[in-house]
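So that we are looking at the same thing, I have put the structure below in structure tokens.
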Amino acid sequence: MSLRRFGIAAFALLAPLWNGGLALAEQRFPPPEFETGYKMPAITTPAPRGLAMEYVDVAVLVTALGVAAWLVHRKRSRRGLIVLSLFSLVYFGFYRKGCICPIGAPQNVAYGLFNPDYAIPVTALAFFLVPLLFSLFSGRTFCSGVCPHGALQDLVLIKPVKVPLWLEQGLSIVPYIFLGAGVLFAATGAGFVICRFDPFIPLFRMTGSFFILCLAGGFLLTSLFVGRPFCRFLCPYGALLRLGSLVSKWRVRITPDYCTQCRLCEQSCPFGAIREPLVATANPAALAPDRRRLGWLLLLLPVLIAVGAWGGSKLSVPASRLHPTVALAEKYLDPKKPAPTPGSATPETLALTRADENAEAILTTAAAVRRKFDVGGWWFGGWVGLVVGLRLVSLSTRTARADFEPDRGSCYACGRCYLACPNERVRVGLLSPAEAAGLNANRAASRVAASART
Amino acid sequence: MKPHRRRAGFSRRDFLRAGGAVLAGAAVTRTGQAADSRKPNPWAYDVSGFEKTDPKLVRYRELRRFKSPHRDARRLALGPDGRVWIAAGNYVCAIDPAGNSVAEIAFAVPARCVAVANDGAVIVGLRDHLEVFDAQGKRQAAWDSPGKRTWFSGLAATETAVFAADSGSRAVLHYDRSGKLVGRIGEKNKDRDIPGFVLPSPYLDVVLHPDGLLRVNNAGRHQVQAFTVSGDLEASWGKPTMAIDGFCGCCNPVALAVLPDGRCVTCEKGLPRVKVYSLHGDFDCVVAGVESFSENAQTSKGDQAGDGVKASLDAAADAKGHIYVLDTVTSEVRVMAPKATA
Amino acid sequence: MSTPAPNHPPVNRRQFFRDGARLAAMTGLGAFLGVAATRSRASQNTVWQIDPSKCVYCGQCATACVLKPSAVKCVQSYEICGYCDLCTGYFVPQPNSLDTGAENQVCPTAAIERKFIEDPYFEYNIDENRCIGCAKCVEGCTRFGNGSFYLQVRHDRCLNCNECSIARVCAGDAFHRVPASEPYVIKTTAHE
């Protein structure tokens, strides 16, 4: 790599000039002596937000997660979840301005793991781990009412449109790729891309660049019609929670007791998370092509990973340009770089002047970062291959289901389906058992009629 | 199915619709300017108009230049034998006319100024006291510190006296050669009509003029002042302006030298430039303009040393009328000679 | 018509697998916590701050901050200030007169107060509610004067973003995370 070679050459050339820069401890020249007894004001240094307040944030998070789990699994209250969402939106969103949030926390953790000079803040670690821990027991209760991003999208959802299944399945691997990218860029020190392209933080702060506000407006408008577009198709932390909730101890149950297969709940989920019953096919011969396909896909998986890793290694050079030092080094080595013009200095020319003065330091750093990206590119590409492969595998497997039930991974535990279930309506007293029975009879009759037509 | 219960009561949808619009609207109205690293900084402190010198005014050319043997050069002085003495870092070193380093004195603290008397004695100013050496660099004496606020920044010496510019106490101290303090010159004194030195930074300099008076730079007042040895203020000249005929910035000039014909050489920082003024303070010509000191002119060089004496210039003149200019950023000495008159 | 499903399905293979995976995940999270907590050499929370010696007055602090106006403000170290009458941080390069007229001031928002102390000294204060952190005065003060004006991230305003958006574009590479216990880089007379 030319950059690295240049770095070494530049270091060798400039090393003799690098003989100091260490100023001695010197006293500054004192201010004038005033005759009128004037007292110099002291410079004020307002303290940053106290550590104690960060523990308050963690406490609020844990409490809100507990309340959400209780509302989802025990109280089964959609209205309670709306109230909790509003609280989270106000507290984590508009009061705490969306920072720190678990969505960005994986980056802090990755950055801390690869840069020992950076102490992962206790809050970042807690915000990363606690919702994950909760997901192992109560599913995506964080998404349901604690996450300000989810709350905002959920509360503005007016007219849900069904996303075609192919699009849904295709887009749902994006969060994993975004997570991989976030970890890659954080670990290499290039920046926190998840935070940078977060579409809702600018709304919480009420400021931002034009681009990011357009992104925010776009996501907000989309969420009026598409349920939780960020959560489903972008949120990298949601990707982790999805994995956690796959093995959760408790799951969201649409019906409080038993499913009457009335299909009333089917349309209630704006996120397409409710799966209909799937009865195991009686004829094993019909399954054979599926099995064969699954076998091929499993064999394809290592190939996909290898191809991904190879592709990722090709991406490492352009990706490394996101690191400010690499970008500066490349610009510095570019023969067409703008010349410094006195009187109209731009930040770019000022940075180039700095590069000129510390060329060997900047080029060495840039070369080191690029080496990190060389390794990270392989890992990232392999991760993308794995994600694509596993998605294909999961599409080729079937899980037998007796009842209508939400998909463990896709369910945001928003509680919309509860009241769609006549048994639930009976439980909360909105419907008498007799009415419910009539409803079921009607539904069953229409289903018989429908099957008769086909 | 029963109609949806909530639709009858408060309309959450309308509320959200309005709320969303307000939210987006508020965010859009508060859109910031995107940071673009290629656009010129609209808030640059722009003095580029003053960084160009009219070539007609420059009446000196560079004969040669040599580097100080040590970094952080602060002041220079010319000896009677033609050697250049430079106070640089924790050293004072002598360079012969051929550019060879011929003597070197080391100190534990930075050497801030140096003067050479006609008998060859070398006086070195450290921050709080003076030391005397012979022409070979052997220590003869170290004088007591005159006070707690003392911050020596300029020196002039004859066979009988040493004048030490003490920026800290805002005075020029008059010593005899045995180290006895004879008088204090230039301190604020209403009765003698002396306004006092205004020194935001340690740049007080003192030179001996052939007319028998001292020339001292009162940087905060943008003036050069002439004092008698006994401390009377005889004359002041200089005006604050970024234009070429005055002294720029908040506190200039920072160094003085005197030509054999009595004209005064001034050095400025900020807009690093060396100029010549007539005996009465009329602008005469430019020795070297800002263009000659591109590194020195960078703002970022201004604040690197803790005591604020990084980006400045110093000058000395020899009997032939050559001006030795020291750039404190590059620690280089340039020898400037008058251009042949056309 | 429909058959009620059994309330409590017996423990089956899938359930067993799920329990095992959950246990493994919890162990993993615990181990992760251990690694993350012990890995770092640093032990403190950090905040963003500007190293004034690296600042090159590029103006990005005024535009790149997520806050409008920026959380970066000019501060004044009085013990370094020369209390000059002709303050190059207060006046434009060639002022018409040394008074508080707006056309004479270098600050685009007139955020610097000039106060007479005694002849010939003036005190200069920053009104942080007006300051936008553009560093114009900093450049003027540092180029000609003592550099007693310099930029600092003010932590009563700073949101301490995960990724400081000014740090990303800072032309001087002057933004760094500093320990939260020493959140400012203040210039004093005792200088190292």
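Should a chain be cited, it is by its letter among A, B and C, assigned in written order, with residues numbered from 1 in that chain.
Following the convention adopted for this analysis, a contact is a pair of C-beta atoms (placed from the backbone, for glycine too) under 8 Å apart; a residue touches a chain by one contact, two chains touch by 3 or more.
Owing to the predicted nature of the structure, the values given are computational and were not obtained by experimental measurement.
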Would you identify the chain whose C-alpha centroid lies closest to the centroid of all protein C-alpha atoms displayed? C
Looking at A-C and A-B, which one has the bigger number of contacting C-beta pairs? A-C
Quick one: chain B and chain C, Cα centre-to-centre, how many Å? 32
Interchain centroid distance [CA atoms averaged], chain A/chain C, Å: 25
Per the C-alpha means, the centres of chain A and chain B lie apart by a whole-Å value of 55
Among the residues of chain C, pick out those that touch two or more other chains and give their numbers. 56-60, 68, 81-83, 146, 165, 169, 171-172, 191-192
For chain B, which residues are shared contacts with two or more other chains? 30, 32, 34-35, 37, 41, 44, 46, 198-201, 304, 306-308
Which positions in chain A touch two or more other chains at once? 23, 25-30, 32, 202, 207-208, 345-348, 350-351, 353
State the interface residues of chain C toward chain B in the complex, per the touch definition above. 52-53, 55-60, 62-64, 68, 81-88, 93-94, 106, 108, 120, 134-137, 139-140, 142-147, 165-166, 169, 171-172, 191-192
Applying the document's contact rule, which stretches of chain A touch chain B when the two form their complex? 20, 23-30, 32-33, 155-156, 158, 202-203, 206-211, 213, 216-217, 220, 224, 338, 342-348, 350-351, 353
Quick one: which bits of chain B touch chain A in the complex? Just the residue numbers, please. 13, 16-17, 19-20, 23-24, 26-28, 30-32, 34-35, 37-41, 44, 46, 48-49, 51, 71, 110, 127, 149, 151, 167-168, 170, 198-202, 298, 304-308
With touch defined as at the start, can you tell me which chain A residues reach chain C in the complex? 23, 25-32, 34-36, 38, 40-43, 45-49, 51, 54, 97, 99-100, 104, 107-109, 112-113, 116-122, 125, 129, 132-133, 136-137, 191-192, 195-196, 202, 205, 207-208, 244, 246-249, 257-261, 324-325, 345-348, 350-351, 353-354, 402-403, 440-441, 444
Touching chain A in the complex, chain C uses residues 1-2, 4-5, 7, 18-19, 21-22, 25-26, 29, 32-33, 35-37, 39-47, 56-60, 66-68, 75-83, 117-118, 121, 123, 125, 146, 154-156, 158-163, 165, 168-169, 171-173, 177, 180, 183-184, 186-192
